[in-house]
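Each of the next two complexes has subunit A plus one other chain: subunit B in the first, subunit C in the second.
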Partner chain A sequence: MMLRLGRWFGWAYTGYTFLFILAPIAASLVFSFNADRFPSLPLKGFTTEWYGGTFTDPLVIEAFQRSVMVSIPVALLSTILGFCAAYCDFRFDFRGKSLFSLLMLLPPTIPAVIMGLGMLSYLSRISLAGEVWAVLISHVVIALPFAMAMIRLRLAQMDSALEEASWNLQASPAQTLWYVVLPFCKQSLVAAFLITAAVSFDEFAVAWFVSGLNETVPVRVLVFLQGQVSPVINAIGTAVFTSSIFLVAIGMAFSGMGKAKRAAADGPAQPAAGALVSNNGLSL
Partner chain B sequence: MSSNTSRRRWPLLLPPLLWQLTFFLLPLLFLFVISFWSVVNFRLEPDMTLKNWDFMLSRSSFWSAYGHTWALALGAAVVTTCCSFPAACSLAFTVSERTRKLALMFLVVPFFTSYLVRVYSWQAFLADNGIVNALLALVGLDGLPMLNSDFGSLVGYVTLALPLVTLVQTMGLAQIDRNLIEAAHNLRAGPVRTLFEVIMPLAKPSLVVGALFAFILAFGDFVAPTYLGGGAPPTLSNLIIDTTKSGQQWPRAAVVAIVMILTLVVTSLAAVRLAYGRRK
Partner chain C sequence: MSEALVEIDRVSKRFGDYTAVTDTSFSIGEGEFLAIMGSSGCGKTTMLRMLAGLEEPSEGEIRLEGRSQKGLPPWGRDLPLVWQSLALFPFLSVLDNVGFGLKMRGVAKAERDRRSLAWLHKLELGEFASRNVMQLSGGQRQRVALARALVTEPKVLLLDEPLSALDAHLSVRMQALLRSLQRELGITFVYVTHSQTEAFSMADRVVIMSRGKVEQIGSPQAIYRHPANRFVAEFIGNVTILRGSVAEVGEQSVRLNTATGGMSVSRGNFAGSHGAHADFYVNADQIAIGDEPRHENHVRARFLSHKFIGNMVTLFLEVPGIEDDLKVILPERTYDCLGMQPGDSVVASWPAAAAHFFGGAA
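Then we have the complex of A and B:
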């Protein structure tokens, strides 16, 4: 009885936690359609004025184009570099390997203001600060670790006999990489691409330092935030939320889908493989 | 074989290594270098001076910002850890594997969505005539001042860190051997005693690492203290932004940045030692 009560309490509490996490997102959605300029209760009535205002603002349109132009090459580069780093960590043993992995994974733990200041002062010495390139370079630094971590998790599921078999069949290491390892990682590569794109699309602090006049969407939002109360933020926010969640959800579905398929194919006949797959826990 | 693999590994190893060395490590080291440079006519000039260090470290306003930031980040670590623990226990022990994975996915998604917009949205909840006070008025309570206070900053930090901390804790708790919990039960330990003497010691690494993540995120965040905390008294990240954006005093801002990095390194080492015990 006590235990069951505790269990229900736990579920209710978890529900509240999710409410806390989702409340600001939901409120932003609601207020983006609210006629009142000020986000307060009671609601004043339905309007799409803010969306209209947002998507005709040339600054917002430019920022949107710039964000897309930056996030696609960022995602491509971080996924490629992230794969290289993950494969090195998986396959090779060398001196300083843990230092290497640390260097690869460290960037997200450095506060964004510090990264921003470092990037600004460094890139301005080589005349890159204030250019779109500066945003691209910094975003690859920040996004690469996410790609590496996701691909590394997938590689951990690979039977190392797979590569050895390929070598025994006279495939060169490069051929093995291309025809065996890459196809094995395909889904995690797509997932890494989408999630790094989302990371770049949302990053505001470093971009704010290095972008100069080349604002991206989140930098534009920051500028709005520094100004007056602006319902436009809710409109942009809801649009950006929808697209990032879309990207991340597809990315996760991709990294989860392969798993589900394999688990189904393996069936109960191969419990070991099934356990390997489910032991991975989080396939993010 | 070994010379063969070493030849094989360079084409894969070099690109990410060079990239992170050139665009991650060098910029950070460069911060250290420019902290000794001087600013002449709003331009950065190479120099070898200690005056930036002297200027920042001799100010009481710097040290009060330091103390304020430390206290806020520690508060964020404690509050986030306590808030997420019951949810993590619930997710780790009382739901099916499938539900847990779905819940964790829901937790991770907001991590990749705009923090700025979420903070702006919290303003609507916490303002004097905002949603929370409107709800309080409905049940006949007086409104509370919440925006532009440390409480406001904390709400922002928890928003930022809660998903990640819950994730880390849940994964740590889910790995605990259930037999140990059953053994405690069979030995007539009550739920509270089991929690404190079996579950929490076993989950210590994930609890400490989660708290460390919250600390790091809060220590460096400038959005919550600016837009929910009111910006006064400033935090170290506020100080960096003000020093950089007004007056182009990059060397002085670099001093603050280096002090922050050192603090984070020391805190992380201490936390890792705490998490993984004294296994020497």
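Then we have the complex of A and C:
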């Protein structure tokens, strides 16, 4: 009896938590299709007017283009650097290794405002503030730890004899990296790419500090909000949310792909990649 | 054994304060099946890893066909290893796993596939060529690992406890396969194992290691009949070790006084003199059991227990004055005819030729 009550309470609590997290997003989604200009109940009827309005606004289109232009190179760079860092941590022992790993994983724990300010003051000194480059560099700093963590988890599943077996079959260390280590990590590389793209696409605070006139989508949304409360924002929010969740979902699918097939030989499957992404959503 | 193909010359290996292998020398002949046997931590795997170049000896050197291997990285040697964990590449097909070594040597794809497939057919894996290795059974993966190591036609194949993950039945079949493969190819096998059954059933010569040192090298028969020292005798476990003081050194045998009376032991090249204390061992399968003594050495003993090993029975007898149990190995039929019950008093007897001094066998 107590057990059943406990379980019931557990479900209720979980449900409440999800409601708490998802209600604002759901509200945004619902009102983005509401005919009324003001987000209030009862709903006035269905419309796609706000979407139409959004995606014909040159400023929004430009912001979207810029976000994509930034997030793809960010994802590429973060994945490459993340792999290098993860492999370095996996393969080599050196003085100060734990400090190295700590510094690599530090950025997500720094408050966004501090990070944004720091980036702004640094990048303005090297005359990059306000450039698209500034957003790109800042986003690589923020996204890299996610990529590193995901790839490092995958490397932890690799039998250490695998590399030795490759050397033993006369593959040089470079060939081993290319023909053994990279193929072994392939799925986590794809997952890291998608998730770092999502991180960059969503990131607001630091971009707001360093982007200047080169607004990304989240920054554009804030500028909108400062001027007026328009249902257009709900439409943008929904679009951004959908694309991000899509990237994360594919990323998770990749990082967990073939789980059943590998399970027997590989030991524990890696934790869902999505769990690593936190604190980066649009704060509308 | 023909001339030495691999020479291990005064090799030591230290990891920090820990010495894994101490001043070890032996050589391996061309076409020989050599087993390195010992319990875990005895240095046998370190020895194999040094051969493969995965560890560099702290002292001494290893020579292959007379050439020092010092400083050669693993990828610069042609000494393929079959791994205990198999270490197959999970993202490659069976065919590509086998062809990996050829690919690294720059063999073109068509040639690579042809040679890999030939090996897969040889090991009855032809139909699995396009499968993922993860879809195979343990025994099949084992053979893929073997094919992957043999496809480059090396002179020496290193094997690190390759059968330890298989069940007993499969292990016996793989032992037969390995043995016949080795004979057919004439390749030198260096086989590391903790299993006496595997080592003794396959190897031409066995190296017994303990705590980083070689205890004995010899044919399985020689080690079984004449263990070099107390460690090997206890490790192999088919003899009982006794102790006595020399009473008389004769032409063929030595007379000793022991806790259970006078005993005769084969003299061999025994050099001790009157009054010296000496250990000797009695082969368990050369002891007769009955109501009357049948040989010159005899003790009265109490039958404690027995253990079946195939068609042989090992008996454990309690002898007054001896610390360890006296071990006796009899054919199952003989044991049956005796009709003994635990607790029965029996007479165990053996000829002087069944008892030897350590290292003294001529």
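Heads up, the rule we're going with is that the second predicted complex is superposed on the first by the 262 of 284 C-alpha atoms of A that agree within 3 Å, B and C clash if a C-alpha of one lies under 4 Å from a C-alpha of the other, contacts with A are read in each partner's own complex, and residues count from 1 in each chain.
As a working rule, contacts are C-beta pairs under 8 Å (C-beta built on N, C-alpha and C of every residue); 3 or more make two chains touch, one makes a residue touch a chain.
Note that this is a predicted model, so its numbers are computed, not measured.
Of the two partner chains, subunit C is the only one that A:Ser166 touches; subunit B does not reach it.
By the touch criterion stated above, A:Ile61 is placed in contact with neither subunit B nor subunit C.
In the superposition on chain A, contact of A:Leu22 is made with subunit B only, not with subunit C. In the superposition on chain A, A:Pro183 makes contact with subunit C only, while subunit B stays out of contact range.
When subunit B and subunit C are set side by side, the one touching more residues of subunit A is B.
Judged by the document's definition of touching, subunit A residues 173 lie at the interface with subunit B and also at the interface with subunit C.
If you check the complex, the residues on subunit C that touch subunit A are 52, 54, 73-76, 78-81, 83-85, 87, 89-92, 100-101, 103-105, 132, 134, 148, 152.
Those residues of subunit A that touch subunit B in the complex are listed here as 2-3, 6-7, 9-11, 13-14, 17-18, 20-25, 27-28, 31, 39-41, 80-82, 84-85, 87-88, 91-92, 94, 100, 103-104, 106-107, 109-115, 117-123, 125, 137-138, 140-141, 144, 148, 173, 195, 198-199, 202, 204-205, 209, 218, 221-222, 225, 233-234, 236-238, 240-241, 244-245, 247-249, 252, 256, 278, 281-282, 284.
Looking at the complex, you find that subunit B touches subunit A at residues 5-6, 8-9, 12-13, 15-17, 19-21, 23-28, 30-31, 34, 44, 83-84, 86-87, 89-91, 94-95, 97, 101, 103-110, 112-125, 127, 129-131, 134, 158-159, 162-163, 166-167, 171, 174, 191, 216, 219-222, 227, 237, 240-241, 244, 250, 253-254, 257, 260-261, 264. Contacts from subunit A toward subunit C in the complex involve residues 159, 161-162, 164-173, 175, 179-180, 183-184, 186, 261-262, 264-266.
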